[in-house]
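Next come two complexes, and both contain chain A; in the first it sits with chain B, in the second with chain C.
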Partner chain A sequence: MVLSTAEKSYIYESLSGENTLRTDSRKYNEFRPLKAACSFVPNCNGSSRVYTADGIECITSVKAKVVKTKDLANLIAVEVDIEGQRDNSALCLDLSALLQRSLVNNFDYEILRLTDKYYFQIYVDVLILSVPGDFKNSSYTLYSLLSLISMGSYLALKSCKLPLLTSTTNDREIEEEPSFADDWELATDLIPESSEFQPVLVFVVGLVGSNVIIDPSLDEEQVLENGVCIGYSQGNIVPPIQSVALSTVDGKPFDRKTLAKATGLVKEIGQPVTQALDAILSEEVDEYGSVF
Partner chain B sequence: MNIDRRRNLGPANVKPLVFAESAPAKQDPDTRVFLETGLIQNCNGSSYLENDKTIIITSVYGPRPNFTRSFNDQANLKINVELSKFLPLDNFKDNQKNIVPDKDRLVSSLESFLLSNYQSLILLQNYPKSSIEIFVQVVALNPTHSLLYTLKNILNSVSVALVDSGLNIKAIACSGYSGSDSHETVVNFAAKDEILGIWSDFQDFDSTFDQSIDACENDSAQLRKEINGYLLKKATKNAS
Partner chain C sequence: MIISISAPTKLESSEKTVGASIVTPGELITDDPTWMRGHGTYFLNDKTYSSVAGSVLKVNKLLSVVPFKGRYSPETGDHLVGRIVEVGQKRWKVDIGGEHDAVLMLGSVNLPGGILRRKSESDELQMRSFLKEGDLLNAEVQSLFSDGSASLHTRSLKYGKLRNGVFVRVPANLIVRAKNHSHNLPGNVSVILGVNGYCWIYKSSSAASSADHSASTNRTAAEMSSSASGKYQPGQGSVSITRLEQESSWDIYSDKNDKLSTNIKDTISRYKNCLLSLSQCNIGINEVRLVRAYEISLGYGDTNILVREDIRKSIGEQVIFQEKMRGTG
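Here is the complex of A and B:
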């Protein structure tokens, strides 16, 4: 929705006031409701579908391939595609780069290791469906999708199943091509339950006055002064800690206190969000399974 | 059954082969900067920045009329980054990981970061129905410079070009860099404790994060002194 100057001023004053008042009466640390489901794409190792009440939908798939490599950083490839945007549009490229960077910097490569020479290479493909119709006329940008995309990749990676390795894991002396069990019932999780590793979650925090708000809605983005994306994994703040342009209107500089508030907010909500996502993972998916 | 493993493991007193370090030893970057403004005639403002074999040219065009939308109550800012062909981008790796980013993705990351910075600096509301375009060209690159160190140079080059263009800006921005083996941070300051943008790959987030911002602030304050001195000298020279 394109906001008038009066509307913008009204929203700005309520957001930047002492008690942050948001247009949809959320608290400053509250997410919009969203639904998610996992493992519904039959020909992928892991998949997830996250969708919000306003119809934005994020479908993520993870596919794995066996490669012989020593270059661990090339084991993760990320591609983000947005409906109505060209593959090489600045937004798609930048979101892909941000997500890839955050995953590569915070990944436990041990879980991808098959033998000393062979690794799983994973491809994370993200598709955003139903972008709001007024996107081209409004002053907000779609960088706020980053948190939705990272939740999608979190769920897809966590629900990723890989075939059971039947050959030896030690090929230091003799090269041996890995072989796998045919039975998908024996498939193992990419991230075993015993592992402490969690894929990174990236949160988008809006800065307005000296206040910080999580998960800014499209209306709120139009009046925000600045935005930061902050990574979270295993109870810690991890890279990226980076400014993002949430709107095309002019903003204001922020001080270090506000930045500290933003990182504090992410630390505070990281755990509950991880728990909520883990709860979705533990649910049995039958909604789609019963169709086939 | 006893298996003789000696053939596989080799003699007990064997020493592993060690090759000489092939990568050049890391040196502290030369922080001296050569700066010149107004070299390009056909734009509204330009700057030429040279730092330790890295050369960055920035030109600012605008405000120019923009009729692409029905109504623009403020200027539309566009930033275009160009990395010249055959630049040694090998050192633009992410953090300590051995990944060289795709050039297109790199350019769009830089562009969007610069946009988020300068949207907060330029008084876009003073220029309705217009567009402002900033072109950044990285002409030469020191192969030992990392992505974030180069970003600092780019930010400073754009800030000076904006001053030269005479566009209404809130302050003269100046960015600072702090880096170690484990992390790098760039913070762009509009003034003391006024952050326009931050890009950090801090792995172990603790009190040292604050210290690294302090280091960036000091670096930026030092550079700001130099840049202000240069701009003042140039302004008084033009006046006389």
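Here is the complex of A and C:
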């Protein structure tokens, strides 16, 4: 969908004005309502499903495998698949690489360690369902999915369960392959509750004039002057901080002040978003149970 | 509230006995071969099955299934809002949310310069300066082609390019067909509820509201003057051709918005949220309900709160409740 000139100027003037009016009457720091559930794929260690009211849906699964390696950077593999896009399309590759890099850079490898030689390797697979039908002849891009994807991977990683390790870990030099309990009832969390570690969340912030808005809608993306994605983990801004092309129209440069505003915004919303996601983790999954 | 993430709502298994007139695709409707088969059905081995999910409609011996959901299918005379997707040879392709894009011929638009003007080759060359890709317009379905696609026209001053507002899309089946689909609403805002589910909420043009007015005052003034002087001048009291010419100047294809105050923009986004609330609750949309939803929403205070799903739901419930109380439901 391409907006008409009049619509564009209406949205642009509202957004760049003094008090950032958004056409859907959200505040500048407000997300669109989301729905989420986790641990619903039976054959994965962790899984999540996050979707928006307009039907864009992100399903994430996490699988773990025991590998013998010294190379810690290869322990996390991310793959993003988008319905209707070839899996080697620039969009899929970029999103996979961005998420992988942000996870690799901000990961606590201690939780993946079994012995000095053996580690868990984590595969994060993301599937985006029901992309807007008019995407092909539109002037927005789908890089804004990044924030949805990162919320999905956050939930999937946090809900990830691993079998209980039964072999000894006292002697970490030991050659022996680790062995696990058969009983899934004994499974432990990938990220134990005692751990401070939180998977990274990546937020997409739109820049327009000297204003910043979180979670730009598809209409808004087409009038934004620039977009940046900013990582957030445990109360801090973490890499990546980079600009993303939210529309196919040429952007405008932005100054350091606006960028500082954007990071400030992410810092401000990071805590409530983490809380909202953690609340979902503690909910029971019963969506299908009542139907079947 | 910065973010609301909720768990998916559980599907409620309704205890109500569903009438037998609701069918799903592939369901046997009848094995009586005497029925005539209409839309939404297919015929196999002397039996009639439904091809869509919907309710069975029987008219005399004609059996058809009216689908619950689906793309909009145009009918002659429908008032639509559409978006230009392609500029072609003497015609525009318009997205109207139907199975096919509609066609708008260069000959069926008002060209700048009034009605007496003929279209020329230079008009064909500068079609993009009238309407280009992405532009929104409201139009009427002039005729239908044999494949069900529509041909539109904008040969009236109430049709044409849209400005000063926002676009909202709701399912086409929710729009209640009415005589008139453009309404002036309280708060100095107008709405066009396109039959195809595309809606346009915009600032009421001061000209439009005064035009209604002036037409009537013109007439009374004319009557008064004619009764007073006993003279009658041709064209008195009716819309003069000169006004048509004035209004169909290049202004009608302008892309520039008028000056819009923060207040108006707030009201427009309030109406947008009200429309979406009605759509979310699956309530048929007409002017009366939209105004009621607006009035209810005012009770919630700040426009910002209407983003919340539970608020939208309760607005929908209250609209229905009010209708029941007033006995118009």
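Assume the second predicted complex is superposed on the first by the 281 of 292 C-alpha atoms of A that agree within 3 Å, B and C clash if a C-alpha of one lies under 4 Å from a C-alpha of the other, contacts with A are read in each partner's own complex, and residues count from 1 in each chain.
Just so we're on the same page, a residue touches a chain if its C-beta (ideal position, glycine included) is under 8 Å from a C-beta of that chain, and two chains touch if they have at least 3 such contacts.
This one's a predicted model, so the numbers in the text were calculated from it and none came from an experiment.
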Practice problem: May I ask you to decide whether A:E225 touches chain B, chain C, both, or neither, giving the answer as first, second, both or neither? | Solution: first
Exercise. Answer with first, second, both or neither: which of chain B and chain C does A:A53 touch in the superposed model?
Key: second
Practice problem: Please indicate which partner A:L21 is in contact with in the superposed arrangement: first for chain B, second for chain C, both, or neither. | Solution: second
Exercise. Applying the touch criterion given at the start, work out whether A:T5 contacts chain B, chain C, both or neither, answering first, second, both or neither.
Key: both
Quiz item: Touch check for A:E30: first (chain B), second (chain C), both, or neither?
Solution: second
Practice problem: State whether A:N88 touches chain B only (first), chain C only (second), both chains, or neither. | Solution: first
Quiz item: Which partner does A:P42 reach: the first (chain B), the second (chain C), both, or neither?
Solution: neither
Quiz item: Which of the two partners, first being chain B and second being chain C, lies in contact with A:V273: first, second, both, or neither?
Solution: second
Quiz prompt | Partner chain in contact with A:G133 - chain B first, chain C second, else both or neither | solution = neither
Quiz prompt | On chain A, the residue positions that both chain B and chain C contact, one per complex | solution = 5, 137
Self-check item: Interfacial residue positions of chain C with respect to chain A in the complex
Solution: 1-11, 13, 83, 85, 95, 133-136, 161-167, 255-257, 260, 262, 265-266, 268-270, 272-273, 280, 303-304, 306-309
Exercise. Spell out the residues on chain A that touch chain C in their complex, using ranges where they run on.
Key: 1-7, 9-11, 13-14, 17, 19, 21-27, 29-37, 49-50, 53, 134, 137, 269, 272-273, 276-277, 279-280, 283, 286-287, 290-291
Quiz item: Which of the residues in chain B come into contact with chain A in the complex?
Solution: 8, 69, 73-74, 76-77, 94-95, 97-99, 101-102, 104-109, 111-113, 115-117, 119-125, 170-171, 189-191, 193-205, 210, 213
Quiz item: What part of chain A is in contact with chain B in the complex they form?
Solution: 5, 71-74, 88, 90-91, 93-94, 96-98, 100-101, 104-105, 137, 143, 173, 225-228, 236-245, 247-256, 259, 263
